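Structures are listed in the sections that come next.
Both complexes shown next keep subunit A, but they swap its partner, so subunit B is in the first and subunit C is in the second.
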Partner chain A sequence: MRVQVELQAYLDKYSPNGASEFAIELPEGATVDTLVRRLGIPDDMAQVIIVNNENSDFDRPLQEGDRVVLIPPLAGGQ
Partner chain B sequence: MPYGWVGTVLRIDLTNGRIVREPLNMDWARQFLGGRGLGTKYLYEEIDPRCDPLGPDNKVIFATGPLTGTYAPTGGRYMVLCKSPLTDAIACSNSGGYWGPELKFAGYDMVILEGKAPKPVYIWVYNDHVEIRDASHVWGKDTAHTEDILRSETDPQARVAGIGPAGENLCRVACVINDKGRAAGRSGVGAAMGAKNVKAIVVRGTGAVPVADPVAFSRLVMESLEIINQSPVTAHALRGLGTASTVGFTNSVGILPTRNFQQGQFEQAQPISGQALAQTMLVRNKGCYSCPIGCARVTEIRGPAKWQGKGEGPEYETIFGLGSDCGVGDLAAVLYANYLCNLWAMDTISAGGTIATAMELAEKGYIPPEDLADLPFELKFGNPDAVIGCLELMAFRKGKLGNLLAEGGYRLAEYYGHPELFMGVKKQDFAAYDPRGAKGMGLGYATSNRGACHLRGYTMSVEWFAPPNQRLDPFSIEGKAQAQKTFQDKAACEDSSGICTFTTFALTPDKLCALYNAATGEDLDLEAWNLAGERIWNLERMFNIRAGLGRKDDTLPPRMLKEPLTGGAVQGQVVELEPMLEEYYRVRGWDEEGRPLPETLARLGLA
Partner chain C sequence: MAVNVYIPTPFRKLAGNQAYVQAEGQTVQEVLEHLARRYPGLATMVFDQDRRIQAHINVYLNSQEIHSLQGPDTPVRDGDEVAVIPALAGGQVLTPEQVMRYSRHIIMPQVGPVGQRKLMAARVLVVGAGGLGGPAALYLALAGVGTIGIVDFDVVDLSNLQRQVLHQNDDVGKPKTQSAKETLLAYNPDVNVVLHEAPLTSDNAMDIIPQYDIVINGADNFTTRYLVNDACYFARKPLVDAAILMFDAQLTVFVPGQGCYRCLFPSPPPPGAVPNCAEAGVLGALTGVIGSLQAIEAMKLILGIGEPMVGRLLLYDALSGEFRVVKVRRDPKCPLCGDDPTITELIDYEGFCGAPFPGRDEA
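Up next, the complex of A and B:
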């Protein structure tokens, strides 16, 4: 199955093609965890996980056409 | 001589030109740590909280912490305290750069400005030499020109903290700018300085700040640097992308305030994101005094833009204030508006919030056509010319609308009969996290002593920015009262110490407490450290209560309480404030009106 991925902020260095948004082919039964490992992102770097606009976690099963946003540790202000 | 301090307060009575040097009250310094806490204590003891914030009875205090001017990482902060012209509550606005350390090198921990100068002046401090000088030649000038001129007539290495035209014109969202691009931004402290006819404090010092245990201090600094350089937030997010790194996240989940908080997602967020900035208009990053992080952005407008220029910024909050909240997705326009705020010295959050309020009032037809007739732009969301045009009206109080904008968003909305369209608390605009998608932040905005503020209790750190198994559900109200108290007290310690709050995204409170102990020679354990934070918070609260504030002011606009967010992961959420507030008062040891109970004051040594 194919899912759409967005890597935010400084996670784009884990992109397979350098772009922060891309599509990726994953085996049936894949979860967010499968995706994160495939991309080589350390667990603690995928801190906020949004799948199809829902707040999700590593165990979330993925389906064809899903859109996954991975967000690293951030903070902001001033 | 005390350690971590240089031991002297510089008191200047502007009415009669009297300059007094007095010893720093070390009992107070121990009880209230420094900076924010110590400045609050002086203010609490010395002014009537019911005074007119723009009158001669208000005082403006420039306070440093015991770590300011040491080589602790980010040990370069100073704070400007007064009764706020914007909120009528306590103001304490925090800035980095190099001015704070320079003041200590000159031999002063604090400057207290009293009274009102009969004509515009600036203060020139060179070690023991302190002089009140005429400022008529720089009155009306922007902060960059003012700094260049005042340095040329004092010392080329002097540091300048001062106001721009907005502060001179008593605009209630005016700030104090130092080193051209660093701001003590919030609560209108620039207007309080302008009301005293003080353009700037120019400082040059050649001394140093002694630390009590240099060996332990050096070891702790090295350990701290290693932690900061390994933490993803400080080493990657803030250094690489600045605070603007957050735009993509808040927009994705749906808490990037857009068009005066009518939406939480902005369709043009990408072009004004931290990544877009880094790829297009970023010149380099920049650090303040002794800062290993370097979150500041030096930028230049590039490409065929309508606006040109270079300067510092934008921060995440600026991208929201002058960008998404006004519906503007043009990065060049946001940068240009940011530069204007630096030059005219206005808070980018509250300036943006005020303009967004005006835009919604205009779009809903609540501003009569005659008040908009002479404007050279259309006052509507998405129009960058309106943002830039309103900044000018506001800073220079031009025309009827300019005069109203200069009063800030609350007074503007109230004047046109729709105070519910002001998005903030205690007359101060919200920062860039829609609290409907992080309810602890909602409680934090409602209870912040200086009016709506994200830095007073940054529960974002546990509501979103934490590993999923350590997170407090952002949509739940459970545990948020205790979390707010913890974060509020923690931030009070951080600010008071003289370091930058961003350091603490890497350093835990025990590390900071250890740095404080090694610098001052005190021996606080973590419990006493946290208690000092609670003491500071309660003293600020007591100031506000004496100023006439109370439970009625600990609230949120109806939009936050009743109108659900419509997009993203936060869809359908509102803030259930009342139960959180009641629990918060209990956790704080306050009565149902939000007044600290006698036993709470006794426990904190404030009775």
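Up next, the complex of A and C:
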């Protein structure tokens, strides 16, 4: 299945093609966790997970056409 | 009918230290009588012996003085707001200069003279007098927010001036708190600026944060962010949180019991994994946009208007020009605000984040 992925902020360095938005092919039964591991994003980096505009988590099963946004924490304020 | 009653600062001790109290009744008089039964201390302040509202107490229904309506018999509806404002000496009544200064706010029915007095009675703590804290504190001061606390330990550096609007060329080398105070008072001498010139740590957070109504987070490191989150939760204070890096920004509001920073980001990224603004840079004007939004959210909370950004995370990507809002939620498994919390007091944040509080080593 194909899902649409958007990597926020500095997570775009894990994009397979350098773009912050891309489509990726995943096996049937894949979850958000499968996707995060496929992209090589370390644990504790992609912490807010939005699937189809809903707050979600790593266990969420993905389906063809899903849109996943991965949001890392930012710390800057100064 | 259930209405919200705004309790001004001088009366708050008589009403369980709450700014808003729910009360019921068909008319303003009935609402106030219901309130007086629940808080007997308030009864003598609001009513005379004949159960008439004391002459020096002004009562407003949705920002309109009740004598311009039907007096104490004015009917109320569910969700209305009643404000009880005593005409005390000491600046409770707006001076002609204040009416002029704040006229663009007062003219809006959502603010009005009652809202302006709420702003003037409010106490807001700004953590960090830098990129986010600067514009946030600036707009709060311009709006007449009565007490603005500033926590910072740093001195102004030339590299701050690309974005930090509280500091100017001549301030380089000065403590940021002092520079911030001078700037805020130059804009508006009407406000009280309280300085906390130290890094916020587990040792002082619970002394400082409980002195305020609302906290604005402009910290630049994860260690302080987890500390501010936990301390605000324990002190039951709303936290207007935001963070920036390069061209990206995030903003949300945490109200205790409705989700916290740990629900969003349960654990900090490994030390060094996430660049900070000093390493990766930040677009100066981005801090102005987001710090101003933090001021707006704080003012909405003070005024009790609109929909605060609770349960919603704003993501702004300056390069694409897109603002996006996603829904976020309280995590029942959150170690701080979840159903079965394991964090019940401030912890060792330097150990938790694997990074020291800034300033400790450099100071």
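Assume the second predicted complex is superposed on the first by the 74 of 78 C-alpha atoms of A that agree within 3 Å, B and C clash if a C-alpha of one lies under 4 Å from a C-alpha of the other, contacts with A are read in each partner's own complex, and residues count from 1 in each chain.
The criterion applied here is as follows: a residue touches a chain if its C-beta (ideal position, glycine included) is under 8 Å from a C-beta of that chain, and two chains touch if they have at least 3 such contacts.
Worth saying up front: this structure is predicted, and the values here are computed from it rather than measured.
By the document's definition of touching, neither partner reaches A:S15: not subunit B, not subunit C. Applying the stated contact rule after C-alpha superposition, one finds that A:T34 touches neither subunit B nor subunit C.
Look at A:Q4: by the touch rule set out above, it reaches neither subunit B nor subunit C.
Using the contact criterion defined above for the overlaid structures, shared-chain residue A:D44 touches subunit B and also reaches subunit C. Common to the subunit B-facing and subunit C-facing surfaces of subunit A are residues 8-10, 44-45, 47-48, 50, 53-55, 69, 71-78. Taken together, the subunit A residues at the contact with subunit B in this complex read 6, 8-10, 12, 20, 44-45, 47-50, 53-55, 57-58, 69, 71-78. Against subunit C, the residues of subunit A that register as touching in their complex are 8-10, 42, 44-45, 47-48, 50, 53-55, 69, 71-78. The part of subunit B that touches subunit A in the complex is made up of residues 185, 231-233, 236-238, 240-241, 243-246, 248-249, 252-254, 274-275, 295, 315-317, 431-432, 454-455, 458, 460-461, 464-468, 474, 501-502, 505, 567-569, 571.
Contact residues of subunit C toward subunit A in the complex are 127-128, 130-133, 154, 160, 164, 217-222, 225, 242-246, 248-250, 264-270, 273-277, 280, 282, 313, 315, 317, 326-329.
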